[in-house]
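Chain IDs A, B and C follow the sequence of writing; residue 1 opens each chain.
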Amino acid sequence: MADTDELVNQVMGKLLNKANAGTTVDTKPTQSGLTEFVGTAPVGDTIGMVIANVDSGLSENLHLQKQFRSLGILSARTGGGPQIMSMDEAVKATNTQVVSIQMPRDTKGGAGHGSLIIVGGDDVSDVRRAIEVALAAVPTHFGDVYNSPAGHLELQYTARASEAAHFAFNAPIGKAYGLIAGAPAGIGVVMGDTALKAANVDVLSFASPAYGTSFSNEGILHISGDSGAVRQAVVAAREVGLDLLGTLAGKPKNDFPSYI
Amino acid sequence: MADTDELVNQVMGKLLNKANAGTTVDTKPTQSGLTEFVGTAPVGDTIGMVIANVDSGLSENLHLQKQFRSLGILSARTGGGPQIMSMDEAVKATNTQVVSIQMPRDTKGGAGHGSLIIVGGDDVSDVRRAIEVALAAVPTHFGDVYNSPAGHLELQYTARASEAAHFAFNAPIGKAYGLIAGAPAGIGVVMGDTALKAANVDVLSFASPAYGTSFSNEGILHISGDSGAVRQAVVAAREVGLDLLGTLAGKPKNDFPSYI
Amino acid sequence: MADTDELVNQVMGKLLNKANAGTTVDTKPTQSGLTEFVGTAPVGDTIGMVIANVDSGLSENLHLQKQFRSLGILSARTGGGPQIMSMDEAVKATNTQVVSIQMPRDTKGGAGHGSLIIVGGDDVSDVRRAIEVALAAVPTHFGDVYNSPAGHLELQYTARASEAAHFAFNAPIGKAYGLIAGAPAGIGVVMGDTALKAANVDVLSFASPAYGTSFSNEGILHISGDSGAVRQAVVAAREVGLDLLGTLAGKPKNDFPSYI
């Protein structure tokens, strides 16, 4: 029996080594020497790129709010809010402007969005810097994304919204802004109700599968107002969301430290 | 050789135990003490909730057909038809009204929809009862959902459609209604043709990726008419659908007993 | 040690055999004796079917460009471009006409589209032949689809576009046509820029999550022009796309030989 146990452990050890080795080999990221490549973020299959001098035939077909010589691109399979709030910081810090935010129905089989965000600038060094700042901020803004096999929650908060939050969510620039999302969508409805009862804030909109999302399975409340009140509303909604989503498939977990 | 076989069985037994234990720990649903929580159904990540006295700032932004004091919410990652037909029974049985049905493009990487269904009532006990009735009916209405790795089929039938089927699918209230869906969508086209040749029924509509779905990969025929004819059409389509979907990746299976 | 190693190998061999056997049993495609069934392609859950004499009640609700007695149906969970380009060859070779192309947001949790393509003809033997030709061409047109855990690339090229490419992508009939797609979408933007700088071609359109896709996470450039130039643009974009997508999760791989 003891011998068998030991043998079983040896077999399992080898199996696990083989499995891990296989995974590592198959998915090892390669390096890029392209001038267009800026970097990646360690979450959401997020990639940052720049085009120094965009082809006009392309630029005219990109549905950009304004034409620029240089474009910076932040693109991800998983995550809309985190990348948008990361770009919100980046445009504050650089001489660039948001010219497109699009949200595919993605997340690799999950309930939410991916993102495609394009910023423009007259100088490629500006847009490159914007993409670098945004990539660095992405993990922070995944800090209040909580996942379980049944769905996810997302909370975002800024004391002072900038251009990206305005472009994507109609957040008033310079005021506090909060995003409160739950999936499946009904959880977002109850989180939204909780938030609005917890503090005196302004409702910007409520997005749901048929309204203001790309058919994602999310209920998303966008709020604005006094910074203390917005934060309080977001925190109250988070508690209720964690409780409700936990009833379906165990405690939701965040992959990065909470920032709110 | 016999020894090796036994060893293999022992190893596999231990592996399975470890795997199952891990799964159980990771996904164990938690309990909720929130007054908003009603319960869950054992399929589709379906959760039921109520809001006794909805915040008006939220309610005005929910795109509801009519405003109510109390809201009942049925929300799921997987399944539109089953939850809608379950709610169809629930509104018949309670003093509530359907005020929103939205269908995200979801099913956790599958080809179909999830659902967000909201009912309203003047009394929270009514909407709570509606959600309880709907949750209890969900497994039955998954009885003719057949899955394979390549896609799925869904059949629904009621002898007397009510408000939810009317709201979502334009089913005439009080008449027999049938839903015939196949994924990938082309299978639904052939199922629909079969259904209409099998019995004399009225076509309400045919939904497909670009028309009447949220870009789901389904072909969905909605029919009405004499109850015997509707049932006959649904049953004929089911046979053809099982045959066609089976050619891609093996026999499709239902997780609950067929009810049609 | 040597003995143990051998034993471990034996155990693992048996485990793998059991695993493979199980997979085969669970997903073994069944055969169909239905007259509607034409066949399947070995990729993308692609199924081909015909309806010899379509029910008028169905046909009128299918949103077809033109009514026909016989319909041919090509339907898939994964792949829009490959199936459309395969049908492009099929309609050239048969007396049939494209009457519907719809693109669900699918790919089983991937970033792209599935497809539903319907052709019409006056004779069922014509539409059956069209579906057979298209099914046979599908693997070829997956030859320049490259997948990684983080996303995919797709390249298509024809020296002479026909009706399906025209219907779906507005490709001028009889001229060379190229499709350049990357997912996540931002990679498609940079690939598009590269393509347009590599050769003198005409931009037909650029599709992205919010424009011209079904919310897929793809950036897709459609080009036309001189056949050598179109091919050169496609090949240049492929190099850049492979490099960029590789930075996220390892080298993207094609499942069939490249044809461009």
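We take it that contacts are C-beta pairs under 8 Å (C-beta built on N, C-alpha and C of every residue); 3 or more make two chains touch, one makes a residue touch a chain.
Since we're looking at a predicted model, the values are computed, not measured.
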| item | value |
| --- | --- |
| Contact-linked chain groups that survive once subunit B is dropped from view | one piece |
| Rotation in the CA alignment of subunit A with subunit B, degrees, nearest 5 | 120 |
| Numbering shared by both copies at the subunit C-subunit A contact, with half separating same from different | different |
| Gap in Å, rounded to a whole number, between the CA centres of subunit C and subunit A | 29 |
| Touching two or more other chains - residues of subunit A | 7, 11, 15, 105, 108-109, 215 |
| Residues on subunit C engaged by subunit B in the complex (per definition of touch) | 7, 10-11, 14-15, 18, 26-34, 36-37, 40, 45, 47, 49, 51, 54-55, 57-58, 60-63, 71, 73-77, 102-106, 108-109, 114, 116, 118, 214-215 |
| Parts of subunit C lying in touch with subunit A, wherever the complex brings them together | 4, 7-8, 11-12, 15, 105, 108-111, 148-151, 183-187, 189-190, 192-193, 196-197, 203, 205-206, 208-211, 213, 215-219, 221, 240, 243-244, 246-251 |
